[in-house]
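What follows is chain A paired twice: with chain B in the first complex and chain C in the second.
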Partner chain A sequence: MKKTPLVTSLLILTLMVSACSGNTGEGENPGSSGSNGRNGGGESPLSVSMSLMAGPKTPNSWAQEALEAELTKRLGRDVSIEPVFLPDWSELNTKINLLMSAKDTRPNILWTGETREYLKWVDAGIVQDVTPSLQQYGQEIINYYTKDTLFYHWDPSGKMYRIPADVPEASYMTTMIRKDWLDQLNLDVPTTLDEYVEVLRAFTHNDPDGNGKQDTYGLSGDNYYRSLIPFFYAYGVDVENFIRQDDGSIIFGSVMPEVKEVLGLLQTLYQEGVIDPRMATSANSNDQMVNDIYASGKIGSFYRFVDYFNPGNSAALSFKKLNPNGEYIAIDPVAGPNGFASDQPDPGIGWCYLVITDTAEVDSAVQVLNTMAEPETFKLFTFGREGEHYEMKDGIFTPTITPDEGNKLGLGNFGWYIQRKDAANVKNTPEVTQLFESKIETSQPMRDRIVVFKALDRPVWDKYSADINKERDQVFWSIITGKLPVSAFDEFVAKYEQMGGKEIDAEAAGLFEKQSQEYEAYEAWYSEHIEPYK
Partner chain B sequence: MRDRHLYLLLLPGLLLILLFRYAPMYGIVIAFQEYNIFKGIMGSEWVGFAQFARLFRSPDFYEIMRNTVLISLYKLAASFSLPIILSLLLNELKHLVFKRVTQSVIYLPHFVSWVIFSGILISFLNPIDGLFNAILANFGSTPIDFLGSSAYFRSILVISDIYKEVGWGTIIYLAAIAGVNADLYEAARIDGANKGRQMWHVTLPAIRPVIIILVILSLANILEAGFQQVFLLYSPLVYDVGDIIDTYVYRVGIQEANYSYATAAGLFKSVVAMTLIITVNKLVKMSGQDGLW
Partner chain C sequence: MGMTTGEKIFSFANYLFFIVLMLIMIYPFWYMLMGSLSDPLFIATGGFFLTPAGFSLSAYQAVLSNVSILTGFKVSIISTIGGTVIGTFFTATTAYALSKTRLRGRMFFSFVVLFTMLFSGGLVPTYLLIKELGMINTYWALILPAAMGAWNIFVMQSFFRNIPDELEEAAKIDGANDLTIFFRIVLPLSKAVLATIGLFIAVWYWNDFFSSVLYMTQKEMWQLQMVLKDLISNTSNAIAQAGISISYQSEVNEFTIKMASIIVSSIPILLVYPFLQKHFVKGALIGSVKG
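Entry: the complex of A and B
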């Protein structure tokens, strides 16, 4: 009798311990491919682990097999890819930092947009210089990226530890306006901000869709300042960047006096019901939400992606389905009171990049990347096989599979790995390619004004920027929606000074000067180390 | 020591707590460092209370603290009182099937994630074509941007939280009510107490210890105003009433990889929570009630 509790206790204990240990049995992480990538040159098989963020993240996909076959053929050795799919954006940086913190979890090639930790990786010696390998095996890569783009990835020590992964077109957004509404209301395409504002007012109040209801808006877009670019840029200001002034000084765009005028105008338009009130809510940061609004056909104008003019774009398809007679056209940027006009320029740095970690053999990794950068390979894993997955008729790309089927094939899985934006991006129609080209010129005026900093280490800006940006967003959106008077802008400028504004401006000026000197050293390096190898 | 073998059963639990709750606590020290993930905890630079000083000197610290405490207190007031009232009402239902169905229906929202729930809320509260504004429009009202309005934002947080959690909150109270001695109700009835009197004089005093324990425990969460909910619903327009410690730390600490700063903010919250629990527990005991320990 006495033994019963002891036996029962031990039995339960054993069960619990075995249950717990059962969980640890799965500790072998198939993703930790660290040492596999060290198959050096020669004909030995090559296994490359790469972190992937783009596309549907389909495991064991057709795209992966097609890429492996292509790499095997081109490199003359068996190549297998071990994809490391990254989690969603909110957890991305944490995951990348964890992956990079231990050698057995570091992928051979890391895709990332994270710049905070990058310098620590360089200091810790866990990322490798790619210059010699680029010279030998990276012609496609060094030919594709411009000298200016590579500058931002160059280390002043004369090394290059990262390769840009996706550099957008020189300008990829445009003012778009309802052509059928202009015709309906007998209005001309606006060329100045004043004309643009009058057109937006007419779109709001003059029943452009002729349904007898007051249910249209002049302007809509997401909750980012980019949707308001026709207004800010007409005055030559960008509230998210540092702007070079006529006297050569550099100041934060948010505090330029012209911003006040723009906010005043936006407030008036918001009160008149010209601006879609959904723009002021964070829910509209979501592209899907804006695409739905776009498709609804109740909005006269957007500042939105050039890609919407591709017939295969999902927002454009939905719009056309719901509004068969509706038509958006892209117009040149409208000119402000001083005749200044510009589209939004892309900084040309690339928003994400690739590093080859200390777990990989650099030559092999660069060979893989270079092959992926070649137009034919890029088209293969991005769009599939011509004739099988898509057709080209008169330069127009037409998929023969549904988006769902494309996802199952893993098309897009290897996106943002030297993402080509030239003719290899066959999805663009000739008209869209032409539009992108014209944007290089129309975005130049602001490109000349905006200062793009190379330095990743900006201690003063890092210290104050979160608080300043919060204050700016709160004040500006409150002014636009009429919660605060326009005079609140002056208080914001005063507060900017108190929140470290002077230190920030001094840091910006210092960095810009240092960067200009660095560029001279870079030019010498580029002509010696890159130019001859192109 | 008659049951000493039974203590063996305690061992795995204790081990788990020591291993997974106490052992990792050494990581708290990074709140006093400028932590560098590659130098590790031992190699990172010690900065004393600099991270805490930065938190307290942040220009918005007062606003963030005020928002956090206010939103928490509103939620606490609602989550403390409404489930009790609802449990008392549910307890009086005589039709067993109806009671069970009602219970299941009011538990359901608890299982819907905030991501889904906030999506529903955003579309219902949309100023252009949302359900609520459509109803208001029928009464001649102009559209209201509920989620962009400082006047409504906190109320929306509290009401949506009540809607989602009030049913779930009744579970413990219903269990406690079920344990009340039936003789007491009989005695009360003989003394002429109606249903209302029975609730007031029998049920409530009987479940008082449970209520007190739950209130003390919920005070531990006074600086947890609901990160997911706020993060998914707020916007710059309502930063003045909606930005809380967690959303601030997310923007400044996690997104910018300032792990030490984020840890310092977390430690600050824990210290406040612990102080509150100890104080309230002491107050409860001083008033002659049973506390947590």
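Entry: the complex of A and C
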């Protein structure tokens, strides 16, 4: 019996060790150190922890050192950056919530796209109002973002708790068409939907690549509605958004009567083999898949990213290698039966944003962000040093380092931190920059019609929208592929109401009205708190 | 004495069936290998293939030249070896103690172990505990929380129960104490179960990425699987976001990178299997038949 206590002790020791040993205490989270700057800068060193998601996430990188040196020079104090690299997308929100759960793990500046928890952070007082600091130190930021963009980040209490981090160009997609095929078949650039459809038919049936085979399609793209924009937008509808009507009311785009006409047209084209059948499969929601289809050179037209016209774009590179004589051109949006034409506008909200947590001194953090937003600093940590890492030949960005070297230097590490989309984005050729600028105008017609909701809390929409959207996708794609008749659209409209559509419409109308009033208050706030400080 | 026609047919069918089965199992791996060696340019044409479409090592270059891959390897090797040693040892000691009916409070301790199988403390409380223990950004955070699993303890406990008590009694007569019996008699007799549980634990540690998500804020402390997951995910998403590839990965094809990453991360743990196979086959049957 003497041995029993020994066995028991061993077991207890084991359980204790497995539960809590190994407390070495080293390696504190850099995000916990906190910013120790003083108001408005000064002589004391500044340490800023920031969560980072973009780029190669290279630790101790050249880009970090270059940025630190620039910040030190510009702010007149020693600045060190402590990067907190966030994990991949599937675990991103888990990590952010964990970091934010304790004061000593919160980064001073948090990059995030999470909108659910954000309101809780505001309520809990762990994120700070940046308005006074923006007024004093944030000129570059408030000059870069438009009044409308900042509206979506403004709190009706008269404060601003977040700064947009990456707002896409006003419109970043375009109708692109094979110019060499147009030339081959003696066709003009289409300007109306009818002409566009005839061009697509010719691309499908008239052997535009001259190989004697029926192996081309008029149109391809991903499995999202954005690839069908030339059709829907010619009728002034966007099936994924609420659309302003002439009488001032708003209607969910999916149930607008024009959709039926578009679906009928798409069904016809699908049956004729003009539309690539891969568009109807969810596998095509993968960008890589679409890039591969693009590179294959068998498609006449896409509604796709303007960035494809940059010579360094990977899809463009693959296309050019496989089709040395092939050439896509961007064309203006085609006009529908009523003469309406538009490109797809970006909502202008931004898909990620920055918050300054209660661990930081706001003025210092805004100074850091404002310096990062300056074109020269942005170019430095994004593309490297001109002459050393890239050259500008006739206005065209030409890297003098390999992509791997760029990764090792950490170029891109600080991406999506006030990501500039103007001329500072030197990767765009002057032609592409011009194309982006022209898209501001060509996307305006639908920008005027689409309602972008500011409210993060939309309980009715959240409750019903998943089922409704699923039903819509099934019905619409079934109609397009001919599995259902076009009349199935009417049944969907009836079903929409049964599935909670009426409540969604009521909520949307209420939010729209409230938002319109809020915008008036915002305009007054903007005139008083931002405009004078620009 | 040769086989009858029926036996020959059966034997042929048997071989054929297993060869087909083997091919079905091997093909996905072969596909990954060939995909990883293919020229990204030709991958664009798609389809299935038995040989590389073109030949290029660019995917391996991209994967292996990523500085974080090497640190990821280091972290994964250390956490896998450390976790396997610590995990196997403490699983064995716990299981051995629980296998003895003379242990006071045995039912209670068994219940405590079983409890962890059914309930956990939750993500945030566990994270806060590890943080308060100062283990954030240390190897301990990767090793200790997962070192002991209730299921492994019960498998081992079941094995230890089958070791005859007479052996222990004979040793005691010769003057051995509990520790001597455990280390010099029980463990040498338990190589099969130790190899099996050790392998289970090792594979778990090697495949683990979530501990890096939870407990690491420094990229130098990310496990290999975490680095690879991020590499793949970031490539596609950088392109997806507004169509802009921010990370300079313009010439690299995501598909070939994926394939090369899987091969790179699978090889080390695959190399361990042949050495443990003998014990593993024996050990996998442990507990299935009570002698």
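Here is the rule we use: the second predicted complex is superposed on the first by the 492 of 534 C-alpha atoms of A that agree within 3 Å, B and C clash if a C-alpha of one lies under 4 Å from a C-alpha of the other, contacts with A are read in each partner's own complex, and residues count from 1 in each chain.
Keep in mind that, in the parts below, a contact is a pair of C-beta atoms (placed from the backbone, for glycine too) under 8 Å apart; a residue touches a chain by one contact, two chains touch by 3 or more.
Please read all numbers here as calculations on a predicted model, not as lab measurements.
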Mind telling me which of the two, chain B or chain C, contacts the most residues of chain A?
C
After superposition on the shared chain, which partner residues are touched by A:T146: those of chain B (first), chain C (second), both, or neither?
neither
So in the superposed three-chain picture, is A:T94 touching just chain B, just chain C, both, or none of them (first/second/both/neither)?
both
Based on the superposed arrangement, let me know which partner A:F85 touches: chain B (first), chain C (second), both, or neither?
second
Can A:S314 be said to touch chain B (first), chain C (second), both, or neither?
second
After superposition on the shared chain, which partner residues are touched by A:Y172: those of chain B (first), chain C (second), both, or neither?
second
Which partner chains sit in contact with A:S478 here, chain B, chain C, both or neither? Use first/second/both/neither.
first
Quick one: classify A:S282 as touching chain B (first), chain C (second), both or neither.
first
Once the two structures are fitted together, what part of chain A is touched by chain B and by chain C alike?
6, 10, 17, 20, 94, 97, 101
Where on chain A is chain C touching in the complex?
1, 3-4, 6-8, 10-11, 14-15, 17-18, 20-31, 54-59, 83-85, 87-91, 94-95, 97-99, 101-102, 104-105, 166, 168-169, 172-173, 286-288, 291-292, 295-296, 304-308, 312-314, 317-318, 321-322, 351, 382, 399, 403-404, 406-408, 411-412, 415-416, 419
In the complex, the residues of chain A that touch chain B are 5-6, 9-10, 12-13, 16-17, 20, 93-94, 97, 100-101, 114, 116-117, 120-121, 123-124, 126, 223, 276-278, 280-283, 462, 466-467, 470-471, 473-474, 476-478, 481, 483, 498-499
Chain A-facing residues of chain C, complex
40-41, 43-46, 61-62, 65-68, 90, 93-94, 97-98, 100, 102-105, 109, 112, 123-124, 127-129, 131, 133-138, 140, 143-144, 147-148, 177-179, 210, 212-214, 217-222, 226, 229-230, 232-234, 236-255
List the residues on chain B that touch chain A in their complex, please.
3, 5-6, 8-9, 11-12, 16, 36-38, 58-60, 122, 126-128, 143, 145, 147-148, 150, 233-237, 239-240, 243, 251-252, 254-257
